[in-house]
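Each of the next two complexes has chain A plus one more chain, namely chain B in the first and chain C in the second.
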Partner chain A sequence: MTTEIDIEQLLRRDSFIERSARSRAQALLDPGTVRELVGPFDRVSSPWLALQNLVTQSDDGVVVAKGRLDGQPTVVLAIEGAFQGGSMGEVGGAKIAGALELAARDNRRGIPTQAVILFETGGVRLQEANLGLAAIAEIQSAIVDVRRYRPVIGVSAGTVGCYGGMSIAAGLCSYLVLTREARLGLNGPQVIEQEAGIAEFDSRNRALIWGLTGGEQRAATGLADACVADDTAEVRATVARLFAQGVPARHRSERTSEFLAALEQVDTETQAAAAAVRAIYGEKQRQGDPA
Partner chain B sequence: MERLEFAFGAAQPALGRTVTGVVASGDLEVLLEPGGGGQTTIAVQTSVDGYGATWTALLERVFGAGALPAARIEINDNGATPGVVRMRIEQAFEEAQSTGGKP
Partner chain C sequence: MNATVSTRGAMWLRLLTGGARPVHDWPSVQAVDAPLAGQAARWIAVVPDTENRFPRARNGEVGLVEGWQLARAVQEIIALDRDAPVKRPIVAVIDVPSQAYGRREEAYGIHQALAGAAGAYAEARLAGHPVIGLIVGLAMSGAFLAHGYQANRLIALDDPGVMVHAMGKASAARVTLRSVEALEKLAASVPPMAYDIKNYASLGLLWRVLRVPDPALPDEQDIALVHATLQAALADILDDRERDLSGRLDGANRQASRRVRELLQTQWEDAN
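Right, the complex of A and B next:
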């Protein structure tokens, strides 16, 4: 990974981050194959937001797109990060979980269906509380179901990133693709600062945040499989390449003992630094990854 | 949050349906479907209260002439400025006429 900016590439590129969830889903699938399920005109939106004086979005911030990727049956679940921080409510969560459950059923019926989840989410939608949490649990078990047959690939492009219960869902994916702009973490910087104090984590220190939880660091420490540029063609090519690798021999979430051993080596007396974390986790990753 | 409803005279029904924009900060979502009876109806849900007069003035400017295709329009607004509202509506009509029915 280089920090030098290639101006020509920068001018040519088609940003993935700047696309809406619907546009991202369309860009990943083969042209002409895309069919949206439970779309905006089905009017299945959150029944809870209006009760709390919040404006609803017709698709509850989740786009379910069925189609093909390089000819293979694929379902893309795209979360709209700009709507309520990409938070998972009852409806949006059920759309993702339901689509994954149908994909698992298709696999069992002999139609090998793979899935892409575009994580752009702060986690559970607090306004929908337990219903959102239950939906996230359903998403997680559905990912584990589908990934037995075909890979489930998580992508977080940014700029929201992927947090909370949905970061666990991202961890369950067969492969995870991030950009340099993306962040992946269980708790967001402000939550950590609020709970543990500014000495533990300064949520205004952007270098610290991206250094520890940014896409580049997560890929270097084996918590993501690829760190790509914010380029639609590159994101798509990376997703296609990972699908071609098939289901991994061991999923990341099955390698907990390696990660726990690495975690034990972390010195919690001092402020964590990106290089120190890489030294511990990067080494573990090389040992654990047969690829 | 406030809900507002409008109706204007219109031309032939729109060719297709489309959705533009998202309910992001300072943005809005416009759902457009073909309408009947030479009339365009607009249902607005906005996060900002007390701007009924501004909405009326803006929508009259866009739809008052009755020249646009007849449509059923739903607007979910999260504090967009009038300029953004107008552009999203125009984008929706452009897409509805060109794609003829997606998504």
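Right, the complex of A and C next:
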């Protein structure tokens, strides 16, 4: 192989993916400024999982961390992929929506507050179905509210990825940062296979899944703003750089004309391939990758 | 598959707008300008298009194109009223079986298309447009998030054909490793898991549930009743200073949502 691996750098690398949700949130905020709200000691767990004799968690898999990032008031909403697949139930969903609602209110009161959402989620927690869906609608509403004042940045590092209604929430963020390990899509491969058959989507074909919905492809097609290495310092630096850019002139979810024009070019007679998507959505410049 | 094509959304849109012509020649997203309470309003429905260029979106599903067209239908109203002191209402007539499930859809970012739609509705509401969601049939999952769930007020017809849910039964069973029968049994005792509108109403997300003798075959009286309810919703929105979704938090089965917000509020102030 001609590719030289920098062993030193590899050893120094501080994996973001391997961190828990709480540790990820702490790593993004300035040391000594972090305060967790509605934390595990408040013991607000899912009443609906308990009703079904399923294991609950005292933070319901969502960490709300308030602090500063490069001195700016920031709230980090970190989803724990290791609990129930990062699924959104009533409590976890209310933590994210409620914190964003307060961030929007602070902005209106003259405290410019920005937000980071760490998406590691399969979407709605089906054991709390309609309350999860309702919470996601409220999260989406609050993202749109906050992003009028300060950026809302979504990060999905992996390994769960970002699916279901929460992928729509990710699509509402001002900026989106992914790693190569992350996947971003509306419908999970299993669900597409169930609904449409294995010819439409083979949920065991990992190359297909990452090729079409992985972090590298999403960044290359402009559906994400950056694809970064699994390195905590790099994730933090990228988030800080995007915050410094301020609120974009137009959010990705507002680029209706461009997307409608691009979709006209899609050949719907043949099945989609990664290269065709890149050709139509345009090779986007990978912005500011330190590597 | 065994998908049945529903025409309820198209029918209710036509009846409520007196058959006014859609403003675009889009086959699967119909946007109609017709009065509500004597003032100009925009009415929007997603309808089946059996010839849809995208084969996975032929039964009324919200697909890539539908998502962005919904966004356009709402954004053009926001632009039209940008400098107007009174913002015209938007009524989403909701009968959406699901989002489109397919490889093409994922490849071209259907999540982003649905974000376009959800974002446009939320922007409209925050800009002061009264947004009302009228559920006349299915309101499923991502399709509902894109079309209607951002409304200031939600109204549903009380009928077995009216359902709100996060996922179809077969897929929900597979993902939660249960049989469909086990899932149905469980849903009967866990209100947020239920598929029927009575249980859904207990969550407090609906502003009104309306009884119409036969929602598949409404008569003039039924149409008048729905119009009157939409007018009442409009008046209620105009009376409300809030433009957010806080009106949905009062349900008997949403105690935890309220508790979390109370705690957050107190601790947030302390952390400032």
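We take it that the second predicted complex is superposed on the first by the 274 of 291 C-alpha atoms of A that agree within 3 Å, B and C clash if a C-alpha of one lies under 4 Å from a C-alpha of the other, contacts with A are read in each partner's own complex, and residues count from 1 in each chain.
In the analysis below, a contact is a pair of C-beta atoms (placed from the backbone, for glycine too) under 8 Å apart; a residue touches a chain by one contact, two chains touch by 3 or more.
Keep in mind that this is a model prediction, so the values were computed, not measured.
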Is this a clash or a fit when chain B and chain C both end up on chain A? fit
For A:V64, decide between first (touching chain B), second (touching chain C), both and neither. second
Look at the residues of chain A and decide whether chain B or chain C touches more of them. C
Look at A:L263 in the shared chain and tell me whether it touches chain B only, chain C only, both, or neither; answer first, second, both or neither. second
After the fit on chain A, how big is the angle at chain A between chain B and chain C, using C-alpha centres and going to the nearest 10 degrees? 110
In the overlay, answer first, second, both or neither for which of chain B and chain C A:L178 touches. neither
A:F83 contacts which: chain B (first), chain C (second), both, neither? first
Check whether A:V160 is in contact with chain B, with chain C, with both or with neither, and answer first, second, both or neither. neither
Closest pair of CA atoms, one in chain B and one in chain C, after superposing: how far apart in Å? 13
Considering the complex alone, what residue numbers of chain C touch chain A? 1, 53-56, 64-65, 68-69, 71-72, 75, 98-99, 101-116, 118-120, 122-123, 125-126, 141-142, 144-146, 149-150, 164-168, 170-172, 174-176, 186, 189-190, 192-194, 200, 203, 205, 244-245, 248, 253-257, 259-261, 263-265, 267-268, 271-272
With touch defined as at the start, can you tell me which chain A residues reach chain C in the complex? 35, 37-38, 42, 44, 46-48, 51-52, 64, 66, 90-91, 93-95, 98-99, 101-102, 106, 111, 122-124, 126-138, 140-141, 144-145, 148, 164-165, 167-172, 184-188, 190-192, 194-196, 200-201, 212-213, 218, 221, 223, 251-257, 259-260, 262-263, 266, 268, 271-274, 276-277, 280-281
In the complex with chain A, residue positions of chain B that touch it: 1, 17, 19, 22-25, 27, 29, 31, 33, 45-47, 74, 76-78, 103
Okay, in this complex, where on chain A does chain B touch? 20-22, 36, 39-41, 50, 53-59, 61, 80, 82-84
